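Here chain A shows up in two complexes: once beside chain B, once beside chain C.
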Partner chain A sequence: MNSNIPPVDQDRELSDAVDESVGRGEGALELRDAVGKSQGQIVRERFFRHRGAIAAMIVLAAVVILGFSSVGFWFVPGWWEWAPGERPDPEVHGYRIFNEGGSPTITMPWSEEGFGIGPHPFGQDDIGRDMFAMVMRGIQTSIIVVVIIGIVATLIGVLIGAISGFFRGAADQVLMRMTDLVITLPTIALGAVLGAIFGAADPVPLALAIGAITWTGLSRLVRAEFLSLREREFVDAARVAGASNLRIIFKHMLPNAMGVIIVSVTLTMSSAILLETSLSYLGFGITSPNVSLGWLISEYETAFATRPWLFWWPGLFIVLIALTVNFIGDGLRDAFDPRQRRIPSARKLAAAERKLQRERSSRPEVAP
Partner chain B sequence: MTALLQVEDLVKTFGSGRQLMGTGELTTAVDHVSFSVEAGRTLGLVGESGSGKSTTARIVARLLDADSGSVRLHGQELLTMRGRALAPIRRQVQMVFQDPFASLNPRWKVGSLVAEGLKIHSRLDRTQRRDRVVELLEMCGLPAVAATRYPHEFSGGQRQRIGIARALAVEPEVLILDEPVSALDVSIQAQILTLLTQLQQDLHLTYLFIAHDLAIVERFCDRIAVLRNGQIVEEGVPRELYADPQHEYTKTLLGAIPIPDPRRPGPHYQRR
Partner chain C sequence: MLQFIVRRVLMGALVLLLSSFLCYLMVDVAVDPLEDLYTSTDPDAPTLIQERIEQLHLDRSSVERYFMWAGAFITGDPGTSWLTGRPVAEELRGAVIGTIQLVTAATFLSIFLGIGVGIVSALRQYTGFDYLVVFFSFVLYSLPVFWVAVLLKQWGAIGYNDFLADPFLSPVTIIVVALLAGVLISMAIAGPLQRRLISIAGGALAVGALLFYLQATGWWNEPHIGPELLILNGLAAAFGITLLSTGLEHRRALYSALTVVGLTLVLYFPVNMLFDSLDAANLTGWPIILGLGVVTVASGVLVGRLYGGPDWNQSARTAGIVAAIMGAMVLLDRIMQFWPSYNANSRISGRPIRTFQERTPGFEGNFWEVTLNTFGHLILPTLALMLISFATYTRFSRASMLEVMNQDYMRTARAKGLGERTVIMRHGFRNTLIPLATIVPVDIITLLGGALITERIFARPGMGTMFLNNLEENVMEPVMAYLVIVAALAIIANIVADLLYAALDPRIRVSA
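Take a look at the complex of A and B:
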């Protein structure tokens, strides 16, 4: 019947696929990179090539390890001499305030004494408490709070966004108006009220409260992503194959929205650090006996003129954590964004060109 | 011979924009369309963009709900089925999509893509599924290793083979081909059409072939229905339809087929 149609030449078509990567000069490098890898692998590799994000990740990991190992966490003892809030005993240690005014004993490598940490590297407060131990406990609190906020905000945001975007119609209207309502309320005020209800003095309830108000941006992004994903043909294909709504949402659409979610969650977390700090500073968040970086700053506010190190150190770590998390978020965004194409150096381009030439000459030419 | 797939008086309208004020205009995408396909045969649904051919295909595939009309498979009404009752129908009517790049989930390996229908509909275990996937891929002219690759590693033609393998996984009776070759190069188009013809013979499949290119439809289909503005304006056997088009629109469509060599004698639509 179809005598004038050429027979299927499978080898020819398979080699055509390889040829596609050879033919295009511009995209050749990317395509070469992509052969044989899942999208997750491609994203991972691109992330690991992002120097800023990797540096930030190393710094953040160092801060987290330092914070959790030094003063101990839960029942695990730490290696640091002082516990948070502990004061030196003149009978045992021979002093109450080590340096004059309790100034930091840490010495920098470029100073006369060379590098050394001394008994109180971050100094002591007016009653002799070790600042290093307090700051480390503050870091722990901030990290715990941020991780919980991330989890809560992700769960709520993804759920609401996914339902809105997938089902549209009335469900979408109701959920999105609710989201708008949460967005219009000032976060600090809402956080303060929720914190007061849940018991903001402890990190976990405070984190739950903050998580319950910071999901809005994520849910809007997820909704938008789902609205566009549900029109894609592979969703239709899944439906024809008999997939249920749940299966389509979780197995087909969510994996494709992962990029948006991860990036947005990371950036939400970095702003949540600052929100926790502000709440604690204003007195609506963590209070004694718990320690947080924001609380430390507010506690020693009055000592600014006399003992500035009392909030230099917590301030430094707040900035460090927020900055590194932001950097990681930027790196993730670049890694997930297909349009984000770094310009390869001239040397790399030349190397890629040589490689393509070599492969072209080593393979028999296929007629176009 | 009774028809396997019977479509009668299908109507589908789309509202334009919001209907809040009740003034939104309605567009009739499918306007009382009726046709039937016999088992093992191919019906071509031809028309320009917006003629309602894809909408008809999507209704038959139960991706869209029709406003009225009926679609019967083996005399069994499909349009009123919902939920669990729909599952066995889904199995019998499968679809190959137009865009081989958009119709494969980029996050899934080819093996899982092809096996999805099996996972949902059959009780095969893991190894049985894997064997079946390899069998399907080879049936469609792909190597077995393709199962462990991701869609983005394949060319357009290969992806369309994956799409066909996926549609065949659950052993359907009816295959809706929604412009399966319109996104492909001409040489690849021929290969895919040959494959589809071969599969139809081997598996006794019934095709509903959607196309806008009359040149392709002529060789591939047993009957052709020409759609315009949601209505079937002409229906018939390709040879007669091409030799003696009755409707103005069909003539226009035939006239739109490019002629490679005007000096060459023979029917003006014949290519290659």
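Take a look at the complex of A and C:
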């Protein structure tokens, strides 16, 4: 670690990288970054330095905006020409299927025609339904399902984890055995059973049901965090000051466990996307007339040899959403982890060293 | 310790009982055995409904039926499917075998590769290779398995089978692949510019030469290892394993590894003759092969022992590992020898990679051809499963290794002058594996119950298929049997993981 810090020499101006107020040696650089900042500021700064997470956040925002604005949501109409499941009418539009076989009309910037989206950028299926509209509706469904799962899982997981970590004893035993109960079954199997009960008609009940089985990891983490937090001095101080249990939990301990919770929820959500699409693919999740990305893939799986675009687009968006959420989760974890250190690469160190040498040699010798 | 185990097992049994009760209630809601009759147009439907209600005791409450079912299940009778009339126990046996066949190779390969790549990536933290590995593990982690499986079917099966019909790689392809491989190798090796350039050139040349050799000898349609590749691979294995396990300066280990390679070459033809005579007597089977494998490893260890020296166990370990690799290669070579005749089989007719089920219906051949047929069916689902668990293991072992690298004992090891190999392999690697011991048992068990989607897509018989099909067909008993077995396995795996962790890490104490 010490190699990161320029050596202290007689030249004060050059060595002020080592600020006496924050000390020297291991962790000095990190401390310098943190001086005079709140916890939130530190986390935010660290997060914004994670380039992958920022890029992922922009892409995810773009996908969400595209998905919700294009085909409309609820009572808000969208700007896209076709509704999900709508087919061009030969009498009005002059065609049923635009390109031969319904292939995508999107053209790439490097093709002869230059960039253009055409009337059916993602192509059409065998009966002429516009794929773009279907995929966008699928994105909407998946996002809604994932957000609901995230909320439900957070509420249950935090509540159970907090209660069993704070009160310990019998409450802890009962709640943790209950958690074991849910953990013992593979989520996909449990999801299939729940999907068979709640699935098909509406994504909301399905999401609520899946949320009710995906909180286990979070509750264990929150419990562990609470077990260690309740031994801390500030909790004792609050108790001596006469704070009630509820106040201690919500005002003193929960904010301190926020990092763990946020990271875990993000990662739960990324696996929830795959869970929902998998269930829909298996036929235990969302089915027609609702559209989900997983359902689209199962619907058009057999058409892969003849109309590969029907299969590519929904899959691509599943991967895109899951990947971006994963990256954001990774960035958040780095941001909340106090042990994370920023270590410059060997190349950067060498460059800094050279710069230092240059400055030193270009400067007249200072008399001691 | 004993108290801990007893307590955990009792607790587990209680959890299992409760979970089976809740599952029964849920499955009971999800499943409607009368569905087909309600929608049927058969004039006898009402009487049939009445019959089925009596057969399945649907007139009683679900709690009552749970206790009837649980009583039978505990006494060893998981019930009978009302649809097929087959006992669930029978169905289960086939399913378990199918699933184990599917997940074994995938699990072990992904553990080995994942840990290897994860550790190398951690050692090269903040380099291009590390970023590449992290990025790709994220991508793989985000892939839906059903999507990957369809792509694999398209390119892995149809594409590769088409390629085999006319196996020709253009020179451009060879050069591009070789260069890519060279760049990847040099990124993993890292170091100063000169070393990077050398490893790019070396890697590219080696891969290019290999591809050219495969092309020139028509390897794609007549795959073989044969004596010449056996020498080459054997030398690579001997030096590589010795380098990792003891360091090349440990001469006795190196010599015993090389002796094992030499012995393999000498025994190559006799072993093949042995297999020929076994084939003729129709005796070849997995028990014999397994026995030969044990003998191989044992003789490797013996070679190391015979070289003696104060630390003979290191030579024995090295020689044992090399012997296992060489034995596997001889076996692979034997299997490959039957590739042309398998490929020419009328049921296969030049399309060796299969996308459905676990064997080609009506396929007949000797032991090796049947094995090839099984492999041909296994390879795609194995790849699909591997890609995803590979990513998990890479991420986990990378994080674990990074954690270990920052420990004080690593600094101590370096400070007292140990070589980098010893520091990483003995102090770093071993400690990296400890946290992995907690996830591997749980993962294996989860795979046993959880290869649902992969089994479904590739139409393989297995636990997942059994569960899904019966859930769809409203047959309750197999669904419950699946859920209870998977839950029981998960509980056992968790206990095993805790014990393993305590055994491996002296800082952890198990307490009841």
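Methods note: the second predicted complex is superposed on the first by the 314 of 368 C-alpha atoms of A that agree within 3 Å, B and C clash if a C-alpha of one lies under 4 Å from a C-alpha of the other, contacts with A are read in each partner's own complex, and residues count from 1 in each chain.
Criterion: contacts are C-beta pairs under 8 Å (C-beta built on N, C-alpha and C of every residue); 3 or more make two chains touch, one makes a residue touch a chain.
From a predicted model like this one, the values you see are computed outputs, not experimental measurements.
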Chain B versus chain C as contact partner of A:140, first or second or both or neither: neither
Partner chain(s) touched by A:219 [first = chain B, second = chain C, both, neither]: neither
Contacts of A:243 with chain B and chain C, given as first, second, both or neither: first
First (chain B), second (chain C), both or neither touched by A:184: second
First (chain B), second (chain C), both or neither touched by A:274: second
Partner chain(s) touched by A:233 [first = chain B, second = chain C, both, neither]: first
Chain B versus chain C as contact partner of A:124, first or second or both or neither: neither
Parts of chain A lying in touch with chain B, wherever the complex brings them together: 1-2, 4-10, 13-14, 16-17, 20, 34-40, 232-234, 236-243, 247, 252, 255-256
Touching residues on chain B, where the partner in the complex is chain A: 58, 61-63, 87, 90-91, 93-95, 97-99, 102-107, 109, 116-117, 120-121, 141, 143, 149-150, 152-155, 157-158, 163, 166-167, 169-170, 187-188, 190-191, 193-195, 197, 219-220, 272
Of chain A, residues touching chain C in the complex: 52, 177, 180-181, 183-186, 188-189, 192-194, 196-197, 270, 274, 277-278, 281-284, 294, 297-298, 301, 304-305, 311, 315, 318-319, 322-323, 326-327, 330, 343, 345
Touch list for chain C against partner chain A, complex: 11, 14-16, 18-19, 22-23, 26-27, 29-31, 125-127, 135, 138-139, 141-147, 150, 154, 158, 446, 449-450, 452-453, 456, 467-468, 471-472, 479, 482-483, 486-487, 490-491
